[in-house]
Structures are given as structure tokens and as C-alpha cells.
Amino acid sequence: MTAETLIPVPTGQRAEREERRRSRRGYRGTGPKQSPVSRAVAMTVMVVFTLYTLIPLWWLVVASSKSRGQLLTTNGLWFADFNLFKNIGDMLAYGDGIFGRWMLNSILYAGVGGFLATLLAGMCGYALAKYRFRGRETLFNVVLGGVLVPATALALPLFLLFSKVQLTDTIWAVLLPSIVSPFGVYLSRIFAAASVPDELMEAARLDGSGELRTFFTIAVRLMTPALVTVFLFQFVAIWNNFFLPLIMLRSTELFPVTFGLYTWNTQINQVPELRTFVLSGAFLSIIPLVVTFLLLQRYWRNGLGSGSLK
Amino acid sequence: MTATSATARAEAPARPPRRRIRTPHKRAIIALVAPFLVLFALFYALPVAYAVWESLLVVQRDGTFGPATEVFGGLQQYALVFQDQAFWGSVGRVLLFGVVQVPVMLGLALVFALLLDSPLVKGKRFFRLAYFVPYAVPGVIAAIMWGFLFSPNLSPFAALTKAVPFLGADLVLWSIANVVTWVYVGYNMLIIYSALLAVPQEIYEAARLDGAGQFRMAWSIKIPIVRPAILMTAVFSIIGTLQLLAEPQVFASFSSAVTSTYTPNMTIYATSSLPNYNLAAAFSVVLALATFILSFTFLKVTQRKGQDA
Amino acid sequence: MRYPKRIAAIAALAVSATVALAGCSSSSSGSGDTAAACAPTKGKVTLDFTTWVPGMADVVKLWNDKNPDIQVKVQEGPNGNNGTYKNFFNEVKAGNAPDLGQVEYDALPNFRVQNALADLSACSAVVKAKSDFVDWTWNQVSLGSDKSVYGIPQDSGPMALFYRKDLFEKNGIAVPKTWDEYKEAAKKIRALGGYITNFSQTDINQFAGFVWQAGGQWFANDGKDWTVDLTSSESTKVADYWNGLIKDGLVSTVPAWTDEWNNAYNSGQAWTWNSAVWGANSISSGAPDTAGDWAVAPSPQWSAGDDAAGNWGGSSVVSFTGSKHLYEATKFALWLNTSDEALTALNKAANLYPATKKGLKLPALQQGVDFYGGQKIYDVFAQASSQVKPDFTWGPTMTQTYADVSDGFKGAVSGSGTLTDALKSAQESTIKALKAQSIPVKG
């Protein structure tokens, strides 16, 4: 029983025009004018917290631009000599350009893995939300059970499993387990329940659409904010995961970038210039994540549900 | 969760146990669920079963360097787990951590999501990105960064960090809480925010026509609607808290107050590095059970009649 | 129950799958001691070598260029205690361990107890090489056996005293030759506002090096049982000494290997560092502003006129059980760890200090070092290397022992208990850890 059923929704072309009008102006509905005081309070709260979130990042940018000696001796929050491009250049050249290779690996693992994870989780969450079948709740709870076990306990069994099929030290060893996202299933279930009305599915059935077709053509559109969220989080999780590469990978050419940085970080005592490389590397590796976020932001639009009922 | 299962049970006939119930759209359900399920079984269920099996084994040796064999040992490993005071101390520690940090973090996430969803805030795209970025920073880097910021001598806020021992025994747990909050507020905020985005605008029409202001709408409409999302983030935050590992581990390298068994998962990690797989597996099972009991209790307590999960 | 059949089917599937998975973990039972035959393989051989020594690939290239029939592929990863040791154990269990691996001396007994190491004494070349190595390093890899040897020593970490020559001279403080003199110097330096050194609560292998110098033994293995003795008289002597320095506020207790710690040396807050030969690089990179101000002296002694040294670090190259190309693997490992060209390259790439007698005389190690005012610092370390006591034994669960001692030291530094208390409680927990793995131990 969702909230939409309580309120009559406008249908057809009128609804679509209304939707377009609203989204064009960032329109949020008529209503009492917002008081400047509450607006100011709201903005202040947001800005203060933004400072909190961004200050450590600012530190990263500043630290990436310093030479090793200056890291310790100059103020952490402002630049000294600006060496950012030199540091990045040195880092990209180190180890025969292995960093570039690592970035490509990460894009592969996170992009393909994130996409497939979202697909699988979306399908499963949708089925759990919109269909009733035996063992549905049991299944749901079993999926939760998988998340309860600490990942460190799974290291050896996973390694043995992949050893048995001789897939350790391959891209599959990182890609396959990354495709499983129990959290994605949970998220998809909640969103599917809230944003895909049963009536819509009925209407599609009456129109002769198969269940899978309904899912891929209608439900996915409605669940877009959720699926985008799942993809984004899974993308970042795979990008930053170093547990799986640690237990599965041996060849440096297969490392994702975060694991590569982790390895460099452990060699700092012997190769001191790695300190600056770790920092500049971390700075560079955040950029694709930010770019992905920016590209996907536009899918976070609201109210795609209305107007689809013909 | 129980509401939907209640309706599911109400639909199927209770009496004749052998009558085959026709599940509508069976093939579609299987097609949608199977891909995830197969991989889940391979990469989660199977390893978990293996870990449970390992926890029931005991190692026997022949001499100081003699070869080892694993034999069935029943609950011997579990006996060791229950005798381990440091482990239970660490469980208490993360529970205390969770009781404070999770509500604070989710409270903040909710407030920011609501603010972002309201017309009070301009520049939504910028804020969404800004709050997301901490999650994008790899854990090792985030911890180095915060270690630097908390450092008594090197922090740009050295006046503050010298006066207040953020890395000392009394406060280090909350310093770690600060880092965890920093990383995950934006993450949880975006989940709740996406849930808010899924709400059709028409719902607010009636409320606006009644003259409800932003606060009233948030309190009476938005929060109840995104309740399932909030509960879900709460459950996963609880699970994450009990499995805290990465942040305390990095803090251990620059704080004298963080020991190698500071959190239960650190104990598991240390034990499996020995390597004592069997004992580590037993610790994992116990921790998983504790997490399960906690999550289950939480969900039961927050269930209300007629609420869809 | 409504679906007994289905649940039973799923359960059966789970159990059989688990058993199948368990079956592929070869818990090494049976004859772990028979040395694998060391015969050359016909045809081309490719060896996998997992290490964390930076720049190893360049060193290995020197070999690959000259040995087309024995090609070595280097696999780099994080250092041993940061994940690679765990990987080794997993791989041995799965049966796909690399041909060669890097293992530090203090981890060798652990690997031996897990039956992960191949006995290299089957290879005559290895047995012949014994006399090439500094004696105590060979003891580190033979683990108490007269016949067997489980690794080829690669580098060593003899300890000496790095000190701020300029500050000592400026303030008229003599370089301490005994630990008593060290304490006196500490008081003087404290009065001037500095600290003689920083006491690390996480470098327990450094502390073990102190105990090593004092002649103490933490572990003993008589073939039947292990003995754990963290509280022996020498060990307690060392612990009480440093405890005194800490309680009197004569040493700082900043966590080691942090920015804070680097800063302490860079800003002249800490005046000395009791460290191993590889520490020379750590100081020059962590405290760049102090270039030219440092010098190296032999470690302080417990009694005037003694000449004992401790060791901190050092690793060996091992071959794991089940290795199929023992002959080729040991041939390469011997080249890597004894040949002049490889040792020079290793020293250049990763600042490694050789474990061979000849290696100590490499031309690269006869130069003065600018950072240390042009002093030929390696002469001090070469002498220290000859003064390291030959039979220090490591325990089979050193990660646990280190962690427990470190936890206790952290507590002591924060005010609860003494270093000796920490050793006592680590003693108990180590015995417990050994028993939990069914390793025979006294007590």
C-alpha cells in the first residue's frame, strides 16, 4: 500500500506538460514563500557542514602540491612551492607508468562491476518487492545474513574457491565477487516498492508486455534514482576496495589504483619519494569518482512516476 | 519485513499442506532473482559455510615443527572465544560507539537530506557533490589525513589538538567516530535523498493547499515516507559499526591508545594472520551472530503495523 | 515446516559444496620433512618470485638477461605483515604458492610451523654457500637444525647509534658508550629541552634487538617443546631500563613512523636513534633539514668494554613446500643474495645491507655518506654485524607476540603498568596462543 494510491494522479499529456514545466524551472510547487530566516539558517547549516567535509580534501590537494621536505615543515592548509604538476608527472613516470595502468584497471573493475552489480541487484530487489512467492522473506533475510559475516573471515574460502578454478590473479577474481551487492538488493527493493505501482504493472500486462520487458522498459525508468545510487556506491566501493585485490592479485599490472597506492604506502620507508606519490595518486584517483558522480547527477530527478499511467 | 510476509501468508491457503500453490510469473521471478542468487551463493553463502565448518575444527601437531592436521573439535574454538576477555571488551566498545555514532550520523544525514529536498537550499548540485566526496576518498588516505589533523604538533589547528588529547585513551574512540561520520554522512544522506526523490510531487499538493510549511511537511510526510530507507541505513550502519576495522587499524599506527584488539574485527584479523583460521572463524561466527541478534532486535522494535518494509 | 524437501535439498547442496571446498585446502599432513629432490629441470623454467622489496624487478632483469632458460617473474605486493604473509599462507593451503618468496627472519619459524617452507639442504649449492654468510644470519634460516636450511639470507639489520653530532658537540656531551652513560646524557639533553630519543611502542622487533644485544632469549625450541621466556633476566633488565627513562620523562613517546615522529627528528627535538643500518635512509628522508648533522657510533653497551650488537630486521628468500623447481629457484636465490652485482643493485634500489661476508666489503659500502657528514657509516655497521650474537631464536607466532607486547607497551606509556608488566602479560598470552594452535609449549 503506497502513498500514491491515496491521492488521485493527473494522467496523460496534461501530466507530462506539468512535469516538464516544473522541472524546467526547478519548480517545487506553489506554497507559502520561504521565510528568509529559515532560508538563511538552512544555508548556514549546509555551508558549515560543507567546510567540514571539504577541509580534509583541501588538505589532500595542498599536500599533493608539496615536495617531500615541505610536507612537514609548512602549514598543512596552504600551499608552499606549487609542485603539483611536477609531483604528478614524477608519479606517472614511476615504475614505467604503472599508475596509468592502475587507473585503467580501476575503471574496468568499477565500471563493468558496478554496472553488472546494479543490474543484478536491481532485478533481484524488484522481484522481491513486486512479486509474492514462497520463501521471499527467507531469501531476503539470507541475503542480509551474507552481509553479517566479517569480510576477513571470507578471505581464505574465497581464495580457495578461485584457486580451485585457477582464476586467482586474473581480472575475474576481482570482477566476479564485486558484482554481488546485497546492499544494492536492499536499496532496490525499497525503491521498487515505493516507486513502481502495481497498477502500472497490471496495465503493462494488459498491454501484452512480458514481465521482463516490463522491468526493463518501465520499472527501470521509475527506479532510476535508486539504480543510479546503487551504481554510484558500488562504483566507489569497487574502486576503493583493496581487500579483494589483496587476497587475489599478484601481478602488478592487474592492480586497481587504490590497492596500488596501498602497496606504495607500505614501501615508504625504503623509497621515500613514494610518500608524495601516494598523496598525488590519491588526489588523481578521486577525480574519476567525482566525474562519474557529476555525470550521473542528472538522473536524480524526482516524480518520474506520475504521467506514466496512460 | 514482517508486514509483507504477513500478507504473503494470508494469501496462500493454510490448510492442505500438499496442494501446490501456483506462483504467478514464476519464470520471470526466477529470471530476475537467479543471477544475483547464484553469485551470492558462490561468493557469500559458500564461504560462510566453509568458515562455519572451519570453526568446528581443531589443529593437532606432532612435535615443535611437526606437521599439522585439522580434526573435528566440536565447540572447542568457541570455548576459547568466550574466555577471551579482550574480545568481549572490544564488543562492548563498539556497542558504545554504535549507540552514539549511528543516531548522530543518521540524524545528520536525515536533516541534510531534508534540507536538500526543500526549496530552502540553493546550489543543490554543489552540496550533493561536496557531501559525497568523503565517501570517495580511500580509507587509508582518509585516516592519514585525519591523523595529521589530530596531531598535537603538526595539525593546522595545533592550538586545539595540543590542548585536547584527541588521540589519547579517553577520546580516541570518538575521534574514530568522527572519521566514520565524516565518511558516511554524505553516503547515507544520498540514500535518504534518493528515497525522497522517488516521492511524487502530488503528495505535497494536498499538504501545501492546507498551508503546511516546510517543517511540517518534513515531519509529517517526508520522514514517514522514507522510513524504510532510514531503517535500512540504520541496520547497515549497525552492521558496519560492529565490523569496524579499517579506520581503527590506521589509527593504531599513530595513536598509543588503540591496541591490536580494539574492535572485534581487529581481533579476527589479527587471529587470522597468525594464522589460526579455526579460531578466527569461530570469532567471526560469534560476531556475525551478535550482529544478527542486534539487527533483528532493532528491526523488530521498529516494526509498526501496516508498514511496508 | 512447510517446505522440508526443498530445505533439505539446499542443505545437502551446501554441505557437499563446503566439503568440496574444504577438500581443496591441503592441510599439509604427512611427511613435511623429507627434502624435495633438487634436480635440474630440462627445458625453460619460469619462476614466480613474490617480494615487496621496491625495485626488485630491475635487479631481477639483470638475471633474466643472462639466463634465458631460467626466467624469473617478480610479483610485488605490500610488505609481509601488511598482507603478503597472509597470502603466502593462503596459497600454501591452496597449493599454488609461488616458487620463491620474501620472508623476514622473525617470520621464518611461523612459516616452518605451518609447514610452508621447503628444505633447501637438498641442494648442494646451498649447503656449500653456508660459509659465504655471516654466521648469525645462517642460524636465522636454519632454525636450530644442523642439516636443514629453510631460506637464503638476503639482508641484515645490525644496530648502532645514530646521533646528532652537531648538538652533542655544541653542548659538550660525550657520545655515550654504555647504557648508563646514555641515561646520564639523556638527563643533560632533557635539561636543554630536547629528548635523547623517542621510545617506540610499536617497533617491538627493535626492542627485541635490544634484548638480543643484552644476550637474552625470548624463545627456545628443544625439538619437543617451545619455551617462552619474555621475562628472562636480560629481557627484564632492558625493560626496566627503558621504563625508567619513560617514567622520568627522559624520552619522548611519539608513535613511530608518523609525520609527528619525522618532525621530532627534523626539528632537533630528538637527538639519537638506536636503529639498524637501513635506518640511515629513514633519517635522511624523514629529516631532510638535518643533512650533515648526523653521525653513527657503535651501540651503547651494558658493561664498559663489551662488544655486543643487536639486530633489527633482515629477510631471506625462501621456497615454499611443493615447489617444483627447487634447483633453479635456489640457483637464482643464491645469485640474488651473494653475487656482487645483485647485492650492489639491491643496495642501490632498496638500501638493503648484505648478509654475506663479502657483501660487507662492496665498493658501494666503502664510501662516505654526505648526510652523515661524509662519515663511512657502513664501517660501523660492518663491525656491528660481526658482533651480533649468533643464536637468537624467534617464536612461531611472532605477529601475536609483537601485537601483545605492543599493546602492553602502549598501556605502560599511557600510565598503566610498566614495560615489565607488559612483557609478563604478553608471556601468558603467547603461551595461550601457542596452545590454541596445539603447538607444544612448556608452561
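Labels for the chains are A, B and C, by order of writing; each one numbers its residues from 1.
By definition in this document, a contact is a pair of C-beta atoms (placed from the backbone, for glycine too) under 8 Å apart; a residue touches a chain by one contact, two chains touch by 3 or more.
Computed from a predicted structure; not experimentally measured.
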Per-chain CA centroid nearest to the all-protein CA mean: B
Pair of chains with maximal C-beta contact number: A-B
Between chain C and chain B, distance of the C-alpha-averaged centres to the nearest whole Å: 37
Centre distance in Å when chain A and chain C are each reduced to the mean of their C-alpha atoms: 40
Between chain B and chain A, distance of the C-alpha-averaged centres to the nearest whole Å: 16
Sequence positions of chain A contacting 2 or more other chains: 72, 134, 155-157, 160-161, 262
Multi-chain contact residues (two or more partners), chain C: 2, 21, 86, 257, 259, 263
Overlap residues in chain B, where contacts from two or more other chains coincide: 45-46, 50, 54, 148, 154, 272
Residue ranges of chain A in contact with chain B within the complex: 1-4, 7, 9-10, 22, 28-32, 34, 38-39, 42-43, 45-46, 49-50, 52-57, 59-60, 72, 75-77, 120-121, 123-124, 126-128, 131-134, 136-137, 139-158, 160-161, 176-177, 179-180, 182-183, 185-187, 189-191, 193-195, 210-212, 215, 225-226, 228-229, 232-233, 236, 239-240, 242, 258, 261-262, 265, 278-279, 282, 285-286, 289-290, 293-294, 297, 300-303, 305-306
Residue ranges of chain C in contact with chain A within the complex: 2-3, 6, 21, 24-25, 48, 50, 52-55, 75-79, 82-83, 86-87, 90-91, 93-96, 98, 257, 259, 262-263, 266, 278, 281-282, 285-286, 288-289, 350-351
Touch list for chain B against partner chain C, complex: 17, 45-46, 49-50, 53-54, 58-61, 63-70, 80, 147-148, 151-154, 168-169, 253-261, 270, 272-276, 279
In the complex with chain B, residue positions of chain C that touch it: 2, 14-15, 17-19, 21-22, 27-32, 81, 85-86, 89, 110, 112-115, 143, 201-202, 221-226, 253, 255, 257-260, 263, 397, 399-400, 403-404, 406-407, 410-411, 413-414, 433, 436-440
Complex contact set, residues of chain A against chain C: 68-69, 71-73, 134-135, 155-157, 159-161, 163-164, 166, 168, 246-247, 250-252, 262-263, 266-267, 269-272, 274
